[in-house]
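Chain naming follows the written order as A, B, C and D, and within any one chain the residues start at number 1.
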Amino acid sequence: MKKQEQENVAPRPISRSDVAAYFGKPESGFRDRLFVIIFEAETRAGRRFDFSLIAAILLSVVVVMLDSVSGINYRYGGILNALEWFFTVAFTIEYIARLWCVKHPLRYARSFFGIVDLLAILPTYAAFFIPELHALVDLRLLRLLRMFRLLKLTAYVEEYSVLGSAIMASRRKILIFLSVVAIVVILNGTLLYVIEGGPHSPFSSIPTSVYFAITAVTTVGFGDITPQTDLGRAITSVTMLVGWSILAVPTGIITSEMTAQRFAMKRPPNTRTCPVCLTTGLEENARFCRNCGAKLPLFARD
Amino acid sequence: MKKQEQENVAPRPISRSDVAAYFGKPESGFRDRLFVIIFEAETRAGRRFDFSLIAAILLSVVVVMLDSVSGINYRYGGILNALEWFFTVAFTIEYIARLWCVKHPLRYARSFFGIVDLLAILPTYAAFFIPELHALVDLRLLRLLRMFRLLKLTAYVEEYSVLGSAIMASRRKILIFLSVVAIVVILNGTLLYVIEGGPHSPFSSIPTSVYFAITAVTTVGFGDITPQTDLGRAITSVTMLVGWSILAVPTGIITSEMTAQRFAMKRPPNTRTCPVCLTTGLEENARFCRNCGAKLPLFARD
Amino acid sequence: MKKQEQENVAPRPISRSDVAAYFGKPESGFRDRLFVIIFEAETRAGRRFDFSLIAAILLSVVVVMLDSVSGINYRYGGILNALEWFFTVAFTIEYIARLWCVKHPLRYARSFFGIVDLLAILPTYAAFFIPELHALVDLRLLRLLRMFRLLKLTAYVEEYSVLGSAIMASRRKILIFLSVVAIVVILNGTLLYVIEGGPHSPFSSIPTSVYFAITAVTTVGFGDITPQTDLGRAITSVTMLVGWSILAVPTGIITSEMTAQRFAMKRPPNTRTCPVCLTTGLEENARFCRNCGAKLPLFARD
Amino acid sequence: MKKQEQENVAPRPISRSDVAAYFGKPESGFRDRLFVIIFEAETRAGRRFDFSLIAAILLSVVVVMLDSVSGINYRYGGILNALEWFFTVAFTIEYIARLWCVKHPLRYARSFFGIVDLLAILPTYAAFFIPELHALVDLRLLRLLRMFRLLKLTAYVEEYSVLGSAIMASRRKILIFLSVVAIVVILNGTLLYVIEGGPHSPFSSIPTSVYFAITAVTTVGFGDITPQTDLGRAITSVTMLVGWSILAVPTGIITSEMTAQRFAMKRPPNTRTCPVCLTTGLEENARFCRNCGAKLPLFARD
C-alpha cells in the first residue's frame, strides 16, 4: 500500500517523555519535583502551573497593550509599569528555574521554546537602553504556542495533524502558486510605475508600486496609493479580477487535499483475505468468508 | 458502527410539543386558544399570527431606520414616531399575552426568545431617559430568528442541520485557526507600532495597530491608517499575502466537512440481514454470512 | 432511484424548435426566411446573423462608453453620436422585423428577450426628453445573454447546467446564509450608529451605518466611512473577522454541491442484473455474468 | 473507457530531447558542448549554468528595483547603473550564444523563451532613446519561468499538471463566469454613472464607473471613488454582497475539479485480464469473464 507515505506526513506529536529524554530529567529531589511541575502537564500541579502561566502571559500582553494607549498611560502609567516589571521578574525567575531543573540547560536554551522564553523577558530590560523596543514585550505571545502543546495532549491531536498535513502535502503546489503571484505582482508593479510614475505621483518607486500591486491582487485596497490615469486603472482592473479569481487556487489546493485526507482516513486499507478462496477485502469482524463460507482464522488487528 | 456520533452532532429541531411541555400549555379556555395562536404554527390562526408578526417586526425596523435619516426625520418625524409607539405598544401587549397564556411565565421570561421579546420593547421606553438608546430598537431584528423556527418546521430542517453540524464538527479546527490568526494579528500590530509609531503617526497605540493589522489580514483595507515607511509597507505586504492565502484554510475546513457529511448522508443504509444469526449490514455480494457462515439467499437489490 | 430529482433541477436547454412553437413560425415566404435567419442559429445565414448582432451590440456599448469620457466626447462627439443613432435605428429595424416575422408578436414582445430588445433602443429615444437617461443605452448588454443561448447549442450545455443546478440545489442554504448576513449587518450598523453617530460623524444615519457594515463584512472596506472611537474599532474588528471567516460558508455550499453533482454524474446508477443468479451492477458491455458465467441478454442502453 | 480524455488534458511536460530535436542540437565540437550547458539541465555543468542564470536574473531585477528608489538612486546610482549594464551585456552574450549554438536560430528567436530573452535585454538599450522605458527591464522576470521548466524535471511535474489540468478542464466554466462578471460590472458601472455622475462627481465617465464597480465586485475597495448618494450606496451594497458571494463560484469550479482529478488519479488502474479472450479491466470479484464467459483463475490481489 502507498498510503503510508501520506500518514507519515502528519507531524508526530511531541510527547512529554521526549522532553524528559532530550533535556534530561533529574533523578530525584527538589529539581525533579520542579521539572515535573514545569515541564509535565499530566500531573495536577503541572496542569495548574501551565494554566496560570497562560493567564500570566495573556495578562502581561494586555498590560503592554494598554500601556501604549496614551490616555491610559497618562492615568495608570505607574500601575501598568509596576505590573509589567512584576511579570518580567516572574518570567525571569521561571526562565532560570527551567534552565536549573533540566540536566542539559544549554539544550533547553537553544530549543525553540527556550529562545521564545528569553525573548519574552529581554525587551523590558532592553527598554532601559532603547525605549522604542519596549513594545516588543508582546513577543511573549509566542509563548502561547505552548498552549497548543498543552491542548494537543488532550483532544486537538487529530485536528492539528489534518490541518498540518494538508498544508504540508500541498507545500509544493502552494510554493508554485506563490512564485506565480510574486512574478505577477512585480511585473504589474513595474508596469504601473512606468505608466503612473512621476515626480508628484504616489507611484514613486518600483517597490512602492509593487506594494500597491499587492494591495490590488490580495483585494485589500487601502486606497492610499491609487492609479489616476485611464490606462493605469485598466491595468489595475485586470489585476483585481485576476487576484480575486486566483484566490480559488489555494482554496482548491487545501480543500481537495483535506477532502482526500479525510476520505483516506475514514477508510483504512482492508487487506484481509480468505485463505481458501482468496477473496480479499473481508470485513474486520467477519468470522466466515462471505464468498465461500470458510471459517476464517481469528486475528487481532493492529 | 461509528456513524452514530456524526448524526448526533446535528441539532435536534425543537418541536412545538416541547414548547408546550416546557412552558406549560393551559388545559382549556381562552388562555389555551391564545397559546395555540401565539405558540403553535401548525394551525391556520397560528400561521397567520406568525406571518403578521414577522411583517410587523420588519416594518418597525424600517421605521426606526428611516427615522435616523435626518432629512426624513425632519419631514415625517411625527408619523414615524407615532408608528414606532404603535409597534412598541403592540409588542408590549403581545409580550404580556405570551407571559399570561403559559403556565410558567418565569420560564418563558428567562428563555432566549423571552429575553429577545423584552429587548424589542425596552429601548423605546428607555429612550425617554437616555435618547441615545433609541436606535437600539433595532434589536427587534433578533425576533426574526423566530422566522427560522417557523420555516424549520416545513422544509429547512435538512439544510439547517447540514450547515450547523458542519460548523459544529469543525469547531475545534476553527478555534485553532482563529487563535493562530489572533496571535499573528497582535504580533504584527505590535511590530508595526514599533516601526511606524510616533507622535504624529496614525499608529498611535498597540490596539490601533492591531486594528490596522486586522484590516490587512482580512483584506478589508479601509485605508484610514496606512504604513508610510518602506519597512512598514514590506511587513504589511507579507501580512496581506498571508491573510489572503490562509482564507483557504477555513474554506477548506467547512467544505471538506460538508462534502464528507453529504457523502455520509447519501450512502443508503445497508440492511441485508442473515436469516440465521440476524447479523445486519452484510455486503451486497456476500454469498455466506460473515458471522455464522450460513448460506445466504440470493436476492435482487432495489 | 432518487437520482432523478437531482437531474430535473438542471434547467432544460431551450431549443430552437420550442421558440418556433411558442412564437409561431410562419409557413413560407419571406417572413419564413426572415424567421429562420433571425431566430434559428443552425443555418449558415442564421449563425452569420447572430455573430454580426453580437458584434453590433459590443460595438454600440463601446460607443456609449467612449461618449461618456469628456475628452473623447469633446473631440469625436459628432461621430460617436452618429454611430449611436446608426445602431439604434438598426436595432429598431431588427426589433420590428422580429415582431413582424413571428405569428404571435405580442408573445414575443412580452418575453424576456422581447423586453430586453425594447430596452436596448428606448434610451436613445428617451434621451431626447431626459438627457440623463442616455447612458442607459448600456442595457443593450443584456442582449448579450443571447450569446449564451447561441453558445449553449454547441458545447456549453453541460458546464452551464452543472453551475446552474449547483446554485439551484443550494438556493435554500444560500437564502438562509444571506438572511443571517442581513441580520448581522443591520444589527452591526445600528450598534455602530449608536456608538459612533453624532452631528459631525460620517455615521450620520442607520442606513449609512449599515452601508459601512456591509463594506466591512464583505471585506471591501472603501474607507470613506471609518470608525474613530476605540469601541467602534473593536466592534468593526470583530465584524471584519466574521465576514472574512463566513465567506467559507457559501464557498462550502457551492463546492460540496458541485463535487457531489460531479460524482453523481460520473457514475450513473447501474442496475443491470443477471437473470440467472440475480447479481446486480453488471458492466454495461458485459456479455456473460461475472458471477455465474451465464450468457446475458443483449440490450441497448438508453 | 472515457477516462482517457481527462488524462489527455494534462499538458505534456516538455523534455529536453524535444528541445534538441526542435531547435537542432549540433553534432559535436564547441557548439555542441555549449548547447549541452545552455539547453540541457541534466548534466552538472548545465545545472550549474541554470542556477547561476536564475541568480543573475533575480539580482538584476533587485538592481532595477533599488535604482527606482530616489534615495538609493541618489547615493548608489553609479554602482547600480554599472551593475545593470554588466547584467545587460552578460544576457546579451548569452542570447547570442543561444542563437549561435542551435542549428535553427530563427526557430529559437521566435519561440516563447527566445522572445522573452530578447525582451530582457532590449529595455536597457531602448532607455538610451526613451528613458521612461528603463524600468521595463523588469520583464527579465519572465525569464524565471525557465525555473519552472528546470524544477519540473525533478519533482514538480505532478503538482504542476494537476493545477494546470484543473484550470484547463474548467476553462469553459471560468469563461462563462468571467463573461457574467463583465456584464454585471459594466451594467452596474453605467447605472452608478447615471445616478452619481455629475460635473464634480468622481464618477466622471462610464469607464471610470466600471473601474469603481470592479473595485466593489472584487472586494478591493480602494475608496478613491465612492458613492455619495443613498441610492448609489444601496446599489453598491448589493454589488459588494454579490461580488463577495459569487467568489464561491470559481472556488467551487476549481476545487471540485481538483478533487475529481485527485480521485481519478488515486484509483489504481484495473489490469485484471481474461486469459482466454484477453479482455482487460475485469472486476476484482468477477468469477467469469464478462466478454467470453470463461472461468477466471482465482488470484490474490496485491
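Following the convention adopted for this analysis, a residue touches a chain if its C-beta (ideal position, glycine included) is under 8 Å from a C-beta of that chain, and two chains touch if they have at least 3 such contacts.
Nothing here was measured: the structure is a model prediction, and the numbers come from that model.
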{"item": "Numbering shared by both copies at the chain B-chain A contact, with half separating same from different", "value": "different"}
{"item": "Most distant chain from chain B, judged by the mean position of its C-alpha atoms", "value": "D"}
{"item": "Listed chain pair B-D, C-D or A-C that repeats interface A-D [over half of contact pairs the same by residue number]", "value": "C-D"}
{"item": "Where chain B and chain C are represented by their mean Cα positions, the distance between them in whole Å", "value": "29"}
{"item": "Centre-of-Cα separation between chain D and chain B, whole angstrom", "value": "41"}
{"item": "Junction residues of chain B - those touching two or more other chains", "value": "69, 207, 210, 215, 219-223, 230, 243, 247, 251, 253, 255, 259, 285"}
{"item": "Parts of chain D lying in touch with chain A, wherever the complex brings them together", "value": "61, 64-65, 68-70, 132-133, 135-136, 138-139, 141-142, 144-145, 147-148, 155-156, 159-160, 162-163, 166, 174, 178, 181, 207-208, 210-211, 214-215, 217-224, 243, 247, 250-251, 253-255, 257-259, 262-263, 266, 284-285, 298-302"}
{"item": "Chain A-touching residues of chain C, taken from the complex the two chains share", "value": "69, 219-223, 230, 251, 255, 259"}
{"item": "Touching residues (chain side chain D, partner chain C) in the complex", "value": "172-173, 176-177, 179, 183, 186-187, 190, 193-194, 197, 204-207, 210, 215-216, 219-223, 226, 230, 233-234, 236-237, 240-241, 243-245, 247-249, 251-253, 255-256, 259-260, 282-283, 285-295"}
